[in-house]
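Both complexes shown next keep subunit A, but they swap its partner, so subunit B is in the first and subunit C is in the second.
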Partner chain A sequence: MLLLSRRKGCRVVARNTVVRRTLSFYWLMLSPALLFLLAFLVVPFIMLIVLSFREVDSLLNVLPSYSLKNYTEIFTSASYLTTIRSTLGVAALTTVIVIIAAYPAAYLLVRTGSKGLRTFFYILLISPLLTSVVIRTFAWIVIMAQNGLLNEALLKLHLIDKPLSLLWSMKAVVIAYVQVMLPFAVLPIATSMGEIQPKLRQASMSLGAGRIRTFFKVTFPLTLPGLLSGAAIVFSLAAGSYITPLLVGGRLQPLLPLSIYQQAVQVFNMPFAAALSMTLLVLVAIVVGLISWISKRWEARLHD
Partner chain B sequence: MSGIHIDDVSRQFGDFTALEEVQLQVREGEFFSLLGPSGCGKTTLLNLIAGFLDPTRGRIMIGGKDVTGLPPYRRGLGIVFQDYALFPHLSVFDNVAYGLRIRKQPKKEIKRRVEEMLALVQLSSMADRRPHQLSGGQRQRVAIARALAIEPSVLLLDEPLSNLDAKLRKAMQTELRTIQRRTGVTTVLVTHDQEEALSLSDRIGILGHGRLQQVGTPLEVYRRPANRFVADFIGQVNLIQTAVAAERSTGRNRHAAIDYEIAAGVPLLLETTGSAEGSGLYMIRPERIKIALTAGNSGEANRAPGVISHVGYAGDQVRLHVQLAGKGELQVVASDPLFPVLPSAGDRCELYWDAEDVIALPPEGV
Partner chain C sequence: MTETTSHSQRSGTGKPRRRRKFSALTALIWIAGIIVYLFLISPILVIILSAFSPTEYPTFPPSSFSVRWFTAVFQNSDWWEALRVSLILLAIVTPLTVLLGTAAAYGLGRLKFRGREAIQSLMLSPLMIPQVVLGIALLYEFTSLGIINSLTGLVIGHMVVAFPYVVRVVSVSVIGLDPKLESASMSLGAGRWSTFRRVTLPLIKPGMIAGTVFSIVESFGEVSVSLFVSSPGNITIPVRIFSYIDQTFDPSVNAISVMFIAFAVIALIIIDKTVGLTKVM
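The block that comes next holds the complex of A and B.
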């Protein structure tokens, strides 16, 4: 008996050692990535926070003192408040349009019976992500310019007398955003749509609901988690993108990323750029936090 | 309430014929079961009635109205699915109210009807729960309440009890039948469980290989199977393929006395009802064969000596395999009280049976 329990004890100890050893092995494996993140994300981020509270002298040299001056300037200046408003507005508008456009695409991906065709659609959807955002956005310039494809076509068809000015506007920014960000919404929506039992749609139809009502009463509520995670990604990308608005909207559009670039690279007021960055970050964090809170509530409703 | 008339319906999937020339009449208020092994086409037939599939050929009428080609949401049927298919984002109340809300009924009427339905399935106290907070049996009952709430002309049940454990299934069977009697709704149950079909239905349609093999009351399909498929599928059966050795007319009730061999070299005299001219396929249910452990005193016309080769004790009954002199083997089911002491393999015995318990089946390929 004694022998048995002692042997058992030995085994427990041995197992603990093994667990500890595997754990430390995992940490070892993770450490390069963690060090990298620490050095190039956490540290600069803290530096950015600190920098945003610094002041500058008239020659834009950073002073050692701290104040809230940068933030008070952002939140009291009419032009920065407009910028904030239009940044969030454009991001929200883009998100809504992308979500609406994503549903038919997700539906197509999920309902395509042939496996080959479905793979083809997936490739079609993902392939733009394989090229740089600069190239994708540049394509829009080719299409929307004064002498671009769209204007040429409309002129040839005698639908317009003189070329429309499509580029260098918020409209162009939103159009380009929608195209660039569509896959980020289609994929999560398609995933949650694929998880819906087909029987649920049949049940809805047997109870008298046509396709459209079945969509709004069954498919839509059940794809809400996918929609919300897609919305969170699209919103944060649309609020924080810099290249797309610069190329199709022009550098004068009232958007926070463009202002940050201006302050950091052209004006060279680093503390102010840092404060603008923090403002953008916090605003996006609030919106994304709100979205994931709604998502959690909804998931809890379904499963808890 | 209305009957279903399936008129010469076929359905093909590419080259595969899932259903062929099905002709079926389900009467108003009837509890009808579609029974068959998996892949027999019973689910296809259900989907055709429901409108999830369209027939390749033929017509489907519900309540005298041709519904062929009508989408499922215009058919007004109640469907209970195998995995219940309750809406996970809606409460029990909202699930049951779903069809009524689609029909834009007044709020008060919806509330009254939902409460009535939940009372019918004894779930009144669960109205605010969500489907995932219910047990399998409770979900099943919500699904039934939801289907019945819209006062469907026909209730379709797609293997509704197959996900429940044996005990609960028995309880739900009784409940299902009670609910059906109380509402009087024409009901079509799709199942592969013969016991379920036999005990619940007014009539059963047996499907096999995409064809309707037989339609009849539970008694008819069990006692007088139309062909080998039905005989084999429902219950246990001894199928006897014989060569007709000689046929003599006895003149009595036009019975034919047929000499046939139950196994090579073992001729048996049998009196069979019906015309089995030239046919050599017979069946007899194991529980219709009587067994005597002492030979020679049964006094029956149809008897055969044999040796017990296997004894299976199942409590209420004893299953025996009896090797007849020669090669033939018959399965026998005897009730437990028959044997003071269980026989064992190797014991001699004599089997005998009534002539009318031997059923002639049409030859294969018909």
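The block that comes next holds the complex of A and C.
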């Protein structure tokens, strides 16, 4: 320790110039990316915010005046309020199902003794991230269609008399979402589960708590930060995706991303699509902000 | 003293009871976990099953084996055209994104300043922003710039989407790199650039390879932003798949999907060999 600090002292002068040169080098490395993100992430968003306050004439030409008309239309129309509610509802439902399903999956990942099995679980978890969303969604169509795999299997097993209509419903959207988003919750929960010292659980159980009580009193509170960071990602992805609901839910589902897509691509009312986008973005930001606030409070409590 | 004995006694009597509960509950958790993993992999299994199925909708158990959908893909010029666009995009997007992302991950990893966290969030934000909002924002900007329907627009869109993945995996390597190695090189007289080239780059190479793989995978499978900024002349494979599913049900999509899955498996192996599967998330 002493040796280390003395060595540091000798080099301080020589180092100062090196440090300065090095710092500007790091900034030089960082700046192209910052410029890129400024041009193609920050600027387009500012443009979109500005656009959302514009109006259109009957031919959908953008007028130069600014107003709150788009927003008042969204928040006073019953159908858009329903859309907002069901968007948040579907995202919340997906998040809850994903979290519940993530616990046993994370448990297996953390507790399995065999290294090969752990790698296998990791492959299963990461492979959905590496396959395009159109392909995963296509698979769900094959599974859930009227003459699809699931109906065929159920008919053959005489569990049902006539095919269930699963496709083109919110149910289908939630099922497909859960599959796509599970890894985002399993991995952070598994990480925080792996950090729990076995001693803590042993202590709880040796004091007479059963395994279920130990889970709720020890494991769950300690994995809550992982759970919340997973929940934030899952919620924002579930509220903002449009490919999956479009293909397995159908164009008519009351979901904000679908409304935005239609306004932009089919109706060509860009200011209104922009206002809907901002509404979606703010709603997601509020929920994610709330989740990370809870997470920060909780971690502060844990470390006290 | 009495406390310790009572404690050890309790844990002594608790042990057999715990083991009994262990088996029943653990079995239940394992079954639940295995169901979750099966659910996770089911779409991929279904795709493989239906790609080799002779009928339009796959049957279970499979009745016979056929490669007719693969033949259908190879005979359809639409797929070849889409493949051409996708490959051109990959050739442009991948090196640019990896360069940009590596430099950013390195610079950010070494700098300590106020607002560093904010910049990091900005860099990773395309992962969290609703894709539909990202798509429409770029659509509007590109329309204003006059680069909508051009390859340039698609390139930029793909770069925005792939960039955070590169930053994330390269950061893993940067964190693991000891700055002392670089200062040693510089104190021995090597300049900043040659140190970066000869010391830093070789050491963060695994992260860069994994970043390249992620960039390729994201760009090759990208559809949410592409759908907004691509034109009929620039249709990538995923966008083509999307319109086939959306408009006509074409089972040759199955065969294409199997190729995508094979591609993902290769990607998995490379990621495992470079930064390791456990470190990508």
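Everything that follows uses one rule, which is that the second predicted complex is superposed on the first by the 287 of 304 C-alpha atoms of A that agree within 3 Å, B and C clash if a C-alpha of one lies under 4 Å from a C-alpha of the other, contacts with A are read in each partner's own complex, and residues count from 1 in each chain.
Assume contacts are C-beta pairs under 8 Å (C-beta built on N, C-alpha and C of every residue); 3 or more make two chains touch, one makes a residue touch a chain.
Values in this document were obtained by computation on a predicted structure and should not be read as measured data.
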Once the shared chain is lined up, is A:Val267 touching subunit B (first), subunit C (second), both, or neither of them?
neither
Between subunit B (first) and subunit C (second), which does A:Pro257 come into contact with in this model arrangement: first, second, both, or neither?
second
Once chain A of both complexes is superposed, is A:Gln197 in touch with subunit B (first), subunit C (second), both, or neither?
first
Given the touch rule stated above, what does A:Ile160 touch, subunit B (first), subunit C (second), both, or neither?
neither
Check whether A:Leu302 is in contact with subunit B, with subunit C, with both or with neither, and answer first, second, both or neither.
first
Counting residues of subunit A touched by each partner, does subunit B or subunit C come out ahead?
C
In the superposed arrangement, which partner chain does A:Pro44 touch: subunit B (first), subunit C (second), both, or neither?
second
Who does A:Ser206 touch here: subunit B (first), subunit C (second), both, or neither?
both
Name the contact category of A:Leu60: first (subunit B only), second (subunit C only), both, or neither.
neither
Please work out whether A:Leu117 is in contact with subunit B alone, subunit C alone, both, or neither, and reply first, second, both or neither.
neither
So subunit A touches subunit B in one structure and subunit C in the other; where do those two contact lists coincide?
205-208, 210
As the complex stands, subunit B meets subunit A at residues 50-52, 71-73, 75-79, 81-83, 85-89, 98-99, 102-103, 130, 132, 146-147, 150
Under the definition above, what is the set of subunit A residues touching subunit B in their complex?
197, 199-200, 202-210, 213, 217-218, 221-222, 301-303
Using the touch definition from the top, list the residues of subunit A that touch subunit C in their complex.
18, 21-23, 25-34, 36-37, 40-45, 47-48, 51, 101-102, 104-105, 107-108, 119, 121-128, 130-143, 145, 147-149, 152-153, 178-179, 182-184, 187-188, 205-208, 210-212, 232-233, 236-237, 239-243, 246-247, 257, 260-261, 264-265, 270, 273-274, 277, 280-281, 284, 288
Considering only the defined contacts, which subunit C positions touch subunit A in the complex?
7, 10-11, 14, 18, 21-22, 25, 29-30, 32-34, 36-37, 39-44, 46-47, 49-50, 57-60, 100-101, 103-104, 106-108, 110-111, 119, 122-123, 125-133, 136-141, 144, 156, 159-160, 163, 167, 183, 186-187, 192, 196, 217, 220-224, 227-228, 238, 241-242, 245-246, 253-254, 257, 260-261, 264-265, 267-268, 271-272, 277-278, 280-281
